[in-house]
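I have placed the structure first, in the form of structure tokens, so that the comments after it can refer back to it.
Going in written order, the chains are labelled A, B, C and D, and every chain counts its residues from 1.
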């Protein structure tokens, strides 16, 4: 007599339900990261069950191989075919930004829940159309979310909680920077990412979008004016046909005034030699302070001005305790999470919102708000850094 | 015409092959971590394909639910049944230590490749039997490995490489500590982990085993003598029937003399208040030094005494570059790996060894060597810390 | 027969010379720090010998007690009397900023070498008069220096050296912040430092002056345009007669374009909760990067993009080696210098310049350049952050 | 009418008193550091006034020049002559260790208060004679102190206070290391410090003495048994006449059992490549933990297990607040103290003890206690690390 039994897939509540079919559009860096999330979300979170139905991409051979590697049942090259399938409940868009609007709006109209990589779009008008489509779809019970995955970092979710609980008092000053160095070498070649027509912008859209979203996430107050500066330090790079002008920014700077009266500074760069992926955030309030660095993503530093005077100091919280956000799903204290965990937790949050019929966060409207700030920054930069109201 | 195609599972070399069936024995902490590895290994590494066949545990309902959650096809309660199945190629043992020997030897005899969690066993005699069985099985092409997963940390694999390349010169002094604090609170209750009959030892077997393995891994030189001390700081804890004596160590200390002439110090503790999972390693050589802390597992600190004098200093290497060990399989620079990645990389190393017919590392003999050191430490502690030769 | 002999005070070259008489004007925080420098400079540096002649202040009893405590031969209340004395060679001005111009110009005209605390003055016109007087005096062999003491930090002097030697390649991006928190508490009382008429400005003059000077010191390139923002977070504070408006800034932000094409960001604050004295500097060049924090003033972090790829990382240089600037005069490696050491080294640099008849650095012209940047920042802030050319 | 007045030297209480005359024996590294303390103590602390009377050394020309540089009135070559002078109240012994006993005992017998550099002596018998002489002298109102200067570090004095107040609960585990690297290079030449007959021991006496004293200082509990190991990694070095055997230890290790039941580990080294002066201390108690590193001597890291769970973490206290030990005498918050400040504060503590007629701490008995531990460590090391009771 065998003791083995097949492992069925009932919902956590014991009710057996069909899994939610997922399609991911795009199979490179973000496609790999999102595939990883869908492959693992049910192993960590008691969320609705999912099925990795189909991975979509343009190159048939490559997407077929990627589908096999990342655990998808099928691959496809025509994204429209996915929208017609009844077994697909969620469409997850990981394509370049200029395709986001068309794909997301079509998917929402087809009744699919939609997850879109950040930034929401390459322009405010596109983002506004997407936000409008999301509002309309939501009225039909169709949900959408923009993938600002760093909201799912336990350390930053904890930061938000501490701020919301008043542990920092009144927040006055915020410092944000996102520093990378992959363009530090002048010999780094030309690519589509360095052309305005394909990439929209440089460090601005790629890095500043995360930082601006964190202002909204952590503080919950709008940005009301922006003074900005942009710069391209290496004006030409070697392309396939010789030197070619770089038409996006290598770095950008801004001072943001917030609705609450707080002021935030922002600096993003792809030429910050020696910094690999340093999204750094500092928040100073009347009763405390916080510090975070994505290169040490499991840590949050917290200063409590209410602690006994002689023992005050920035404490390094290792955000791996069961009491910390998201951690209950993962490992025991002291066992660090990786960058990829943010996508898994993000998928879980989306699934729970779909299950409960509540709007996921951050919404396309949130993504639009970020886009408006980035645009204002560019307008300001073009006008000698004059502050632009939002 | 549909553009979707099923995603087949050919081997990377294009040769379609049946996946290697895996069974994991045990479904708690380590079972979850190993399941995660088997679920993800093919998505990251171009290794032989695996199938998550069966998860084995004693409680039928719980193992059934765990199997569902962690992605296994089936669950089972009788580990012997697994050995009889032709579709199981690999048996991965995550049970408590006192079962390791019986299970591993039986699996090897049944022709299964075996992975065993650390420590290899609870005693030297058991470990010796396992090592002998592994040698015999190897002659039949049956492989085995002990799961010292920290060997797969990119930072520590890089450390080993730098040492092997002579970047540190002659290694003289090594400092090892593994500090946790989950027993710091006197109110933490009695458990099987605090009884000698079930756990064998305390911090010694649990934590020192990793540290001792790193000496062997990083330096490749044997430990030749040990002077040790052990201590139990909280002698009784509240059990189910009132206060009960703690019969294992809370902390242990040792000085190790190595075959190369180097000296290593070792300190492990479960009452190191505020340290959550701090495996800390320092290596000092005639030409350089290294520092590592598992609480910042993506970082390796390196001092190069050959750098220009005025610019010397411990550099913090963020071990996430493509040139660093294991990283090619993962994410771009600056995107941190989690603790769980070590198990995935470990699975890949095992699969590649099986594929190529070479003996995986660390072997059961390596696990036995660690066990002998731990035993010698206990003997020394019982004899007033007198140095014991190995 | 006694073996004791009086310890005469010959010059290092063996030639006995009268010591240079020093007068310090001001006896509070800066007066104490400068007194410390004059008391110790000969013990560390083989510089011309000095005599602590007279300490000058307004309150006769207090200045008398301070003179006794800090090692001065005499005290005085009338600074003009000092200028008439032949035994005073150096006048060191540590008064509030609005007195700097009158005192410094009178001292230069009286043929005294002059050291003035930073910032050089409270306004550009005053600073310009001082710079003109300094140029004129220099033609008579009378020297002057503004006390940007952080130029004497070994770590920052080393930073400058590494940049000058090309170790960073072309410098592109600089990040400067100077963060304190003594006004973080709303209950901190009103004082003359928070009134525009007495203090000129807030964090701007006090903190930004140091940061701007470091741009000039480290890079040796002028600042050509400034976009700035200022803010007062706590608009009223409790004064002697009830609540009173704060008329200076609590914090300021700027983006600076440099003559070399580099861009620098600047942020200063007195409400940065938990940061006590954090002058932080980061410099990113095409071949390397640097990081500094005044709260760890003995350390400089250096990234060398030319190091072997797998071993690159920011190294923490403990700037206490004999090969590091100023260190030969102090202690063996690893013995940390304090903040006060900068004033002692500053005094030595001034004495050597006087001895050799060369112009000390930073000059009053350098102090004026800093003042112009601070003024431009305020003009920009008043015009909606519009960039102002210099 | 002149406004200048001579600055007399009354005591702080307004009572004019003759200053206490000081003689320092020795003028190299420690002589320079102690001279610095005597030159500055009155400028920082409201202690009895001192006069730098005479610096004593063997080489007449060198000591004469050193006296001039360090601010002494006279120099001398015969230490006995100093004991006969009525104007000398304090004798401060900075000679090599083998002279300590003779000089200190003679000075005490001559009625001089005595400060002796650490370690108290090169052997237990010498130290015991000194302690006995100190006890006898104390009965005559003649005070003595051994210069464990790190007791005057604000961070460590704060550590002691936190422990004494019970902020750590019951202390269980202590980790001590003192790591330097000046012998890391095999090419470093032979010197008297590497010969047993002159230096007594190597890292043991030089470095471990500080660490052992900190156990006594921080915890106030005796060391009751020692298991030790010593090693010389570079057995011969180039001397004046060719290769010569090194007869002292390069490094030493120990496990110490304390009277309170706590256990301490100790590791000292002069071949710890990349560590310059790293006296590192960790203390783990049932309610909290502490960390300190002399290479960041203004910082103390503190973990409070009583803080809210989600916000716990090691906090970095910048020990420069007025509420911190010794700081009131120095600079405002955030202005770092240097290593040399410990000697100034030590001098102040000695002066206050002399003034009040109380026994200074640490006493010669304390120095003897340290010496006994070091001797026990050597005995243990010679007996295969067998634990030796004290």
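Here is the rule we use: a contact is a pair of C-beta atoms (placed from the backbone, for glycine too) under 8 Å apart; a residue touches a chain by one contact, two chains touch by 3 or more.
The chain list, named the UniProt way, goes like this: A, B, C, D = Gfo/Idh/MocA family oxidoreductase.
Owing to the predicted nature of the structure, the values given are computational and were not obtained by experimental measurement.
Colleague: Count the C-beta contact pairs for B-D and for B-C, then tell me which is higher.
Modeller: B-D
Colleague: So which chain is farthest from chain A, going by the mean of the CA atoms in each chain?
Modeller: So the farthest one, by centre of C-alpha atoms, is D.
Colleague: Rounded to the nearest whole Å, what is the centre-to-centre distance of chain A and chain B, using the mean of the C-alpha atoms as each centre?
Modeller: It comes to 33 Å between the two C-alpha centres.
Colleague: Between chain B and chain C, what distance separates the C-alpha centroids? Give it in angstrom.
Modeller: 54
Colleague: Could you state the distance in Å from the CA-based centre of chain B to that of chain D?
Modeller: Each chain reduced to its C-alpha mean, chain B and chain D end up 43 Å apart.
Colleague: Residues of chain A touching 2+ other chains?
Modeller: Answer for chain A, listing residues that touch two or more other chains: 275, 303, 312-314, 318.
Colleague: List the residues on chain D that touch chain A in their complex, please.
Modeller: 158, 161-162, 167, 300-304, 307, 309-318, 321, 323-324
Colleague: Under the definition above, what is the set of chain C residues touching chain A in their complex?
Modeller: Against chain A, the touching part of chain C is residues 168, 172-173, 175, 177, 181, 184-186, 227, 229, 231, 233, 251, 253, 255, 261, 263, 265, 267, 269, 271-275, 282, 284-289, 303, 305, 312-314, 380, 383-387.
Colleague: Chain B touches which residues of chain A in the complex?
Modeller: Touching chain B from chain A are residues 2-10, 29, 32-33, 35-36, 39-40, 42-43, 54-55, 60, 64, 67-78, 81, 180, 182, 275-278, 294-298, 318, 320, 331-341.
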